[in-house]
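Letters are used for the chains, namely A, B, C and D, taken in the order the chains are written, and counting of residues starts over at 1 for each.
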């Protein structure tokens, strides 16, 4: 059932893969919801459509606020934050995730809350459950009533039906039924809980605030904003339960090798975050270095496609010795609120966001460094802008391998047939985009940039790279039922 | 869990009993939601805090919109109504009902919707379930997750857990577990369903729209606004299922004598509605006639307390021969939206709404006819205004017996100790209000006015009059568990 | 120049003449703006489109707030009222008045403010300037820049150009140039000023608040709400200047006989106001009495068209001995905010506001008492509703003479050709409305009801009755220039 | 008089000089207002508080819309843009400018409009009138009524009082009375007009759209967004009148040497704009080169303070050979709407916007390149963040000379005593900020970077550099009257 609600829409930025969620939680600090708001603000790049916070206070019980729009526009107001008292709070930002895409209702905004016979719990989920359809059918059959179209709601219903008394055990019961990728932050009246799926596809880190407080966050950049120190990552397959200033570690799942999402390094995470002990910025710079080695070209200028191509462009320029320059300028006042734009403005598309620095580009052979090519629509427009400005040659260098497969683990990807690399070779793409050259970093090059000196281990890849390789570490059961065809085994 | 949501508040009208809900549904008409919006507008007096509509269209499925505020401010807009397509729709207006009083969340606004294994259903409930606490505990124990604090949500969870395949049977299963007062309007993808509890405490009528359409409504005034004809009342204990232009009647409950709420005649229903075949306006006029007979007094003017005392005042004036006049003028621009008023304005209270027609009142002996006395706070202020305007004498005549007991069947009443008549005799109330005389109509007089020539049948009262008599036809189980003490048997 | 601003619109109440403004001012009380807000709330019936308040505080200077919508929805909030400090304030409510009708901009909302060389002043104007077009042309020619399309803005420009030093003298200079009807409330940093035009067409009264405060108001009902006592009316052609707790009276204009608007008695003013020493309610009741004498008819029920027909219906019933009853019930939740309504809802028109009390009407000969007939569209719909409900006969009795001429003195009237009485005789109107009888009170009868025992003095009418008689006491110069044809002298 | 209006506030970005306005106009294109909206969006960096557009259409006259907030949030909606029809339109974005600083009312938002005896005109003004107080006094004395607190309103009143018949001549009359800096874009029903003050302090360029359209813009980047070609700059002291597809040039002022604002090159203008034939980006890069020559230092990393320090940092890195890296990461979701933030969030200040890239900074000697130092508050916080992240040394290099004097020509500067450089020497500032070194570019170095190979011509400076030198090319008459002390002649 769709709730009559107008979500904000942004018609101009649809040519990127999009991380769909960020999660954050804190315990042991006064006015925990304020910390969560700050953490979510730092994680806003992981989900811009809506956000929610649940807090608990012994005198006021569980309180919740869910809003469409940016964290900074909602969760900074005194009047709203006063309604979220307590020392324990969790939050969530979302892009769109499985379910009613493009027609998100406020009902779909997390955290989700459930009252159980022994107390209540709230959960926030980053990732995607690949057997959610089957679970939902089963739960409805048994009398559960779903309030949202979100796959994540399955978890809370499975918890409600668990015969365990305590929430952590209920959550273990529930998550053992769930397939797919999940980093979950949850809370009871006294506990902050964090879990990662056995493969650890999505990130989750543990931080410490002062002497007694703890935080769980999708990324380390959100620990920085609240002045928390990084303790460590929650490990793949681990559940941490924080209560009374103590962190308890549990291992509810069978052991499995880690398959962290390699695209978090390439694009999703913020450059100032640390993933698996590695600086994201440094990894991206190193991708540029690898790319300059793999695909050199004579040129006058290395120019990033702002903002995500910048670190790789810096690396490329440094390695190649070709000068680095800002040939494309981003309009910093470009936001999301183009509700009901005029036709004329809709057609402006990318020009509203980007302008070419003509004086720098004119007469030059330009290397454009971008993070990825999805549909190719934006790349084409940028190329045209660069040529219009008088560039002599345009060379694209892409800081990721060709994106040829959709992600089913919590990333918003177009259908496979819309992915340029699903239907074209590198040369065909170059001709399609009509540029002088186009080169993607190799999968091995990417693995080297993230620190795997030997490149990708084909037998047992160190990361989830399904979007590049088509090798899915978890079978996407719901999608296969809907007709998705996996890559034939080689 | 409270959702951070600011409901509109009205600090100036707190001295009335308030009907808590109105329900409305139509089937077999194009754009059914528009009809429901009109019907709810006509039922707005039964609930002003919020309203909701659910519609079903074969191509668009179930759609829902729930909003705080008046029907006319929300459910008239093209842009919203377009999101509610289909030939079948139900709606609900609510005041506050059991649950999070004074802190209503949008989650508490009906209709409620549930997806079952064989299809979905939406329900709207007028009344109150007196064993809701026990049912909720049991359902949570078994893994149901409640989304609202509303007692009505129990019904949909009981339906979800029923082993019956079809919705009407599931609803029967559910309602047989429920105690209290309920008039329910529900819908599936093809059926419009109406049910009244075995005692028929709250009203529900069936109407016909053109050749093929049907409507269910709390009151007949909402049939008038859409041009529907009254067919008949849904009977106490009856379930009607309307499908394919046919009305099927079922009797899921054991037979019981009707105990319709007599206060619907006195105050809740609109004067242009027909209850049990009787004109509400005419009944109220007749109450005035009875009152003039029971409690005559020499005076110069019969003046209604606007607007609800008007028909009784007309009857009183007619019977007594004393001239009728509008001694109190209501400001028609008084609404609900005093959010965050200044102290000075808050203190104005009743004067913002009412002004005395000094030229008419001055030097006169005035009979004020009001519908009821609850806390007595407004009566006191009105008396002061009348005396300030130079009235020589003030005589209150009240068109209902003393309200000494709270209602647990869907009416918002103060706690018993706040009811003036719970702690004072008629004479004590007269002294407390400092008026020259104060008379309530007798219970028998009221029964005569509603057409019971012999008055009240003590052995087996024809109506629910618990608020006057303390005789509760359904044991208020939850309230007794919370400490409410029933009247000792006489 | 039109400002892009969406005014609220109400498509359902367009068949009444509408008073276009109410003015209110206070001096000598703490937080004067709060008093003005209350006064404007009581005057809301004189203008519902927008309102404004200007206050002055020695430390904070002049402050202003202007808003679309009801006073109660804007000027009750602490946050807004705090921006309007000081002991001296004036305010204005407006319907639409001359200028950009139907497209009011916030720039057109009064009070207007001007800074002069010796200090500033704010003014609020009720009425209409009949030579505003000519004045505006002249002022623009000399370099004045108009900010609004309001005729009232001329006054402040004329004041700005006066060579007098003090504001009262500047205002006298300005108002001597102005023709038409005006009741003006103005303020400087220390003075509250009230003026009425020489004929006193629009009302203005002086009230006293406590020991040191004074108020000026369009009607006495607004004195009641703030607990002020009526001192007296500001007289036609008088200017009162209140400063330091003293009231000074000036006579800036040549003497002229009073020509107060008789329609204020019939419809515009609130029934609880006192006009010229007469109770409006009592006058209207007396109109009903006169009407019963002039146009008796055999019938079973006297029924007011709510709400404005009520006092006359009470008088008619009393005089005729025919029972009074509420045959038409008004939906009290009908407001203004039908912005962008669906087609279906737009077509409902009057039924959204009114419902027939069928049980009372059925089989009866009904006398409907209404205050006036303008276009006749609403009368027609009401007649149909009454007949649909089963009335045997419908007799209209109208509490004013036929409205055959537009008003140019501050009342919103349709163009002459839209007025039913401009093109039809009483009998033709009866046939047009298809009712059993239709009678208007005679002009002499109306004069008798307002206390002129001899009726209307034809040589020198005691009131302005141009809308009935076509005799305009002030030549409507602008309108004549635009082609309006006055009635030929008899 | 202050209008009760809550302007958006941004407590976190107060340590920059701010350009106060951008102006834009087009003629000869369909739906001109859409072009203006796009142009203003590209000029948003010149004023973020509010924006306005006036358009003219022969059938609909002049129309206007003024809104608080970003252009993209207001002037992109179909519903609003439809109210601004026509082929001719002008617009304005503003920060705050002279007048009611921090309490801007919508009345202060340009363009201003005036109806004159021979037709109307709208004007938009970038700059500041240094004799506005005296002009305002004189105009009020003569009966003009000011509606805003803006200095720019003087121009339209002077125009209204001109005895010339045609608008261009009226404007010349007006601007000859005006002292200070102004780039004005104006329109009549048929003409688009652009004027720059005799010294040409603020920028204004002329562009061509297709065959028949023309545009006037503060910067060339706004020509790019609408696909217009740069024709040339409007010259200092020139008035261009565009009508019927022709551009006419006039010279209303006495000739004077150009004194363009040098800070436009340093900070105000967008890096992709062309000023005086020079690329702003290239100039800024060259400032970095000069700075590296003037103030070299041994270090491991050149890090820009985002975003304005970036081009100079690129130049510094290139010239010095020290690696360039993004040591500070900007949160791209930081916006303006922190209305009523919680205390905790308010205290976060700069951390909400910026995070240190700890992995890059740690253990390094870091050169931070920023565009300017105003109060020094932000510099201090950034230094602390860098040291907290483990930097070994922090060296500030500033891409402008010390800002020691306020600007009176249309830039928002703190009072002189708040400028760090007004009270401290370079060394004192270094100690105050507690950094290892701090160097500003020399005034001569800056002049070299903008292309003056010989540096600054002391006798007759090529630019306005009053904020650095204290040598004001136009006497700030109003400020001197208010007590501002000019620098003593040397």
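Just so it is clear, a contact is a pair of C-beta atoms (placed from the backbone, for glycine too) under 8 Å apart; a residue touches a chain by one contact, two chains touch by 3 or more.
The shown structure was predicted, so the numbers you read here are calculated from the model rather than taken from an experiment.
Asks: Just how much do you need to spin chain A so its Cα atoms sit on those of chain B, in degrees to the nearest 5?
Replies: 180
Asks: Which one of the chains is farthest from chain B, going by Cα centres?
Replies: Following the centroid criterion, the farthest chain would be D.
Asks: If you average the Cα atoms of chain C and of chain D to get two centres, how far apart are those centres in Å?
Replies: 50
Asks: Please compute the C-alpha centroid of chain A, do the same for chain D, then give the distance between them in whole Å.
Replies: Chain A and chain D have C-alpha centres separated by 37 Å.
Asks: Roughly how far is chain B from chain D, centre to centre by C-alpha average, rounded to an integer in Å?
Replies: Distance between chain centres: 62 Å.
Asks: Got the chain C residues that touch at least 2 other chains?
Replies: Not one residue in chain C touches at least two other chains.
Asks: Please name which positions on chain B make contact with chain C in the complex.
Replies: 31, 34, 37-38, 41-42, 44-45, 48, 70-73, 76-79, 81, 221, 224-225, 270-272, 274, 279, 281-282, 285, 307, 310-311, 314, 318, 323-326, 329, 331-335, 337-342, 344-345, 348, 351-352, 355-360
Asks: Mind listing the chain C positions that touch chain D in their complex?
Replies: By the definition above, chain C touches chain D via 1-4, 54, 60-66, 80, 83-84, 106, 113-117, 120, 137, 140-147, 156-157, 160-162.
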